[in-house]
Amino acid sequence: MGVLLQEIRRTPVLWLLVFVPAVLLAEHRWPQAHTLLFVLSVLAIVPLAMLLSHATESVAAKTGDAVGGLLNATLGNLTELVIAVSALRAGEIMLVKASIAGAIVTNTLFMLGASFLLGGLKHHTQEYNRISARVQAALLFLATVALLVPSAVADIDGARDNTFASQLSVGLAVLLIAAYALSMLFSLKTHRELFASAEHGEDAEPPWPIGVALATLAVITVLVALVSEVFVASVQEAAQSFGMTPAFVGFIVVALVGGAAEMAAAFSGARKDRLDLSVGIALGSASQIALFVAPVLVLLSYLVGPAPMDLQFWPGAVLMMLIATMTASLVTNSGRSAWFVGVLLLMVYVIFALTLYLLPPRAA
Amino acid sequence: MGVLLQEIRRTPVLWLLVFVPAVLLAEHRWPQAHTLLFVLSVLAIVPLAMLLSHATESVAAKTGDAVGGLLNATLGNLTELVIAVSALRAGEIMLVKASIAGAIVTNTLFMLGASFLLGGLKHHTQEYNRISARVQAALLFLATVALLVPSAVADIDGARDNTFASQLSVGLAVLLIAAYALSMLFSLKTHRELFASAEHGEDAEPPWPIGVALATLAVITVLVALVSEVFVASVQEAAQSFGMTPAFVGFIVVALVGGAAEMAAAFSGARKDRLDLSVGIALGSASQIALFVAPVLVLLSYLVGPAPMDLQFWPGAVLMMLIATMTASLVTNSGRSAWFVGVLLLMVYVIFALTLYLLPPRAA
Amino acid sequence: MGVLLQEIRRTPVLWLLVFVPAVLLAEHRWPQAHTLLFVLSVLAIVPLAMLLSHATESVAAKTGDAVGGLLNATLGNLTELVIAVSALRAGEIMLVKASIAGAIVTNTLFMLGASFLLGGLKHHTQEYNRISARVQAALLFLATVALLVPSAVADIDGARDNTFASQLSVGLAVLLIAAYALSMLFSLKTHRELFASAEHGEDAEPPWPIGVALATLAVITVLVALVSEVFVASVQEAAQSFGMTPAFVGFIVVALVGGAAEMAAAFSGARKDRLDLSVGIALGSASQIALFVAPVLVLLSYLVGPAPMDLQFWPGAVLMMLIATMTASLVTNSGRSAWFVGVLLLMVYVIFALTLYLLPPRAA
């Protein structure tokens, strides 16, 4: 506990942890105050995501290279996964899909763009290892294509047939998880040198003792689950009162909240002129959503949800994901960046957000 | 005036200036001879565009680096802008949109392709600075995506809702102009070394005296505006008599006519084995259409037009623009070219033109 | 004949030649046994395609560089062409289109992916000449775009108008064949050094005597034509009994059967760490389908078919072809590969196949 308190004192954002009891209390007292609950739950998830990320890294650091890498990679998007499972249990399938699509777009456009901008404001031109960036961008592109093509094909052929969609989605989920397992073998075992810089433990704080780390991991996961339930229950009605469409909430709000921890790491890497790290986190995290989180959610939807989820995305989301990953490929191709590249990536992200914000709700 | 007459004597294409009084006279005498007026106005705009381009460069050369660069960049597509404003005033919004889309496609496919072909016929393989080409291609890709995504998203979701479209377009226009201002800061100030070769003053003719240049700029702009009005008024009916669809006229004819001056500069660069120059003009001019000309026209449409213009393009135009800019990215990626790459770019352009020519008018 | 028998003894797959008389006999005896005839004809086409490929190379080797290269390139996809002509004659236009689309996708995703995987299992990382790979990938991308854009444009604009489609397709076919002729000039004459490694005669078996080669070429082409007719006649009903959609048969089965010979060459190159060879065969063969086989079939359809064929593909096929060629561009961009890149390419291919397999027949 001493270690944890010390961590909290050193990292101002962790003061937000006070919103965790606040949101649970508020939910008990005013279960109908959706807007309040929504704001409180967002504020509570951010520090929890950061602690979760630190706990995962600490456990990974203790368990040795191979298992540690596996843990790190698998639990890297745990916050997104827990929020999505809460939404699945509540039957909010649209929200789950929007948050999958949003996580891919946010990681590639916002996380990469803000890293380039923050880094570029401090350093004239930044260079990074373009060989590993290209391999990672190619993986991300193929992973996204694999995730998207069936819905695109079915969509433009007008075959929105339920049996077809769910059969295809289950087959696809199994294939994607198999590819994910092979990608672990590739990045942790046979070709780990290509991904070397993505292990960002070097000049980080010393890891916590294993007992504290494991206990934190367990407790925080439960807390995230509890807060996520409040979040999911309040989000629809709160969004309406803010004038946000459900697509906007899933795509932008959930993705930014769920990815807060990775973003903090990526931005800090960019400012230290370690852009390899930022690019690795952004592209790796997006690949993981496509290859692991999305298919796991499809399979889990048969266990925990009131209705199974398929992988048919709405056409606008398909287009945004394809453009985001193609952009990531093009932009990381040269192995160098400057502030304006970051500005343009962020501009595309803001335009996506604006479009979703203004889009008439029915169309989403 | 002596300078101007000398210029005209040296540059055979400027003999076409005789068509300027011809078209104005003809418009007065035979206001219903649409085909004649169309042909005369096209022939008159080409030399005016070239003089305008030379006058802009002369003013830029006199006013020092930063202001000169700014002037050069802002007035580089002045002919396109003046034609489009005439069309806006006449309420020909379809023509304006087609000419925006056509300018992007023509600059990337036709200007780049013809440069590669003309250069490749003289030189076995041509190399150019691939780092600046990549930065410029990435800017162009992101600028085009920013311009297009909202219409693509709205389009495939069937949300062709007028309030949505105009709100989004105004928001987008403001964002694009802000990005354009930042791109000036980037290319003229913080990272000007990346764009160095695009300043093509080196072995050009000596600039005109500033007085002549400013006067020419003013007079020619007025003449372009006058001729454009004849052009816009005659184009629809003339096109019908040639069997051209309105989409073909805006996309191909207006774009080729408006871009004549830049093309002359790009082709001459390619033949002198200075492909950096050609690539810079082609990609830079296309980016400028997306980031500056298009949003300015949206905002101007509220002032000068009978009806406001939004940025919703028809799906075929969206696809052609996306393919053109992706092609530009792929092709300039390697930093080398040969004649056959030019042939293929031109082939894609001809196929686009053929498609638009044959497309049943209603679909366009 | 001795040479031929020796070849057969040395290459186990050629034992499959026994299925050639078997299928012709079976067709005579049990003309209604569609499933049997389908399986037998597939088994018979594979060894014929390999002999055809070897005979072509032998004739090419004897006739000197320029003519040889031309022959090799033109006859490289002879099997696909003969099968498609049989289908045209039977009026199976959907099957022809699906097999064109499938050949492009199979060559880029399956042939390239399996080459990377097979090579990567033997060699840690494989490098290849990325300059020629980029030129070839750019050619392939532009060739595919040229083939596809009209159908994409017409499609999303809802202009599925027959006159439009057939006029455009004939114009397009002429343009593509002209571009193909120029590409021969480029790759065999003016810039042959860029394509050098694609001539894979070095450590191959000694070529056959010219008489044997020519006779084999003639006889085998006739045999392929005979077997193709059985194949085309049986495929639709056999496919139904296997639960396959027509789209799946054309796209996957025909493409794999027709490309068997090139695949054998590409895979053997990859295992010998000569990935230049594999990439050259895969990308070159795909370009040839787009620039030569497809337009020739359009023009032939006016001569041999009951109905003319246009180049309007169904939207799903357009998307798959675009994604396949963009993927090929991205993946070959770095000039290096590892086994997991192959896995991902194969995964996208399997997902395409799965989608086509599950797609309700009417939508295809």
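Letters are used for the chains, namely A, B and C, taken in the order the chains are written, and counting of residues starts over at 1 for each.
Quick note on the criterion: a residue touches a chain if its C-beta (ideal position, glycine included) is under 8 Å from a C-beta of that chain, and two chains touch if they have at least 3 such contacts.
Just so you know, these numbers come straight off a predicted model, no measurement behind them.
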| item | value |
| --- | --- |
| Cα superposition of chain A on its sequence copy chain B - rotation in ° rounded to nearest 5 | 120 |
| Same-residue or different-residue interface between chain B and chain C, half as cut-off | different |
| Euclidean distance of C-alpha centroids - chain B vs chain C, Å | 40 |
| Shared-contact residues (touching 2 or more other chains) in chain C | 326, 333 |
| Parts of chain A lying in touch with chain B, wherever the complex brings them together | 124-125, 314-316, 319-320, 323, 326-327, 330-331, 333-334, 336, 338-341, 343-345, 347-348, 350-352, 354-355, 358-360, 362-364 |
| Touching residues on chain A, where the partner in the complex is chain C | 131, 134-135, 137-139, 141-143, 145-146, 149-150, 152-154, 156-159, 161, 164, 167-168, 171-172, 175-176, 179, 182-183, 185-186, 190-191, 194, 326, 329, 333 |
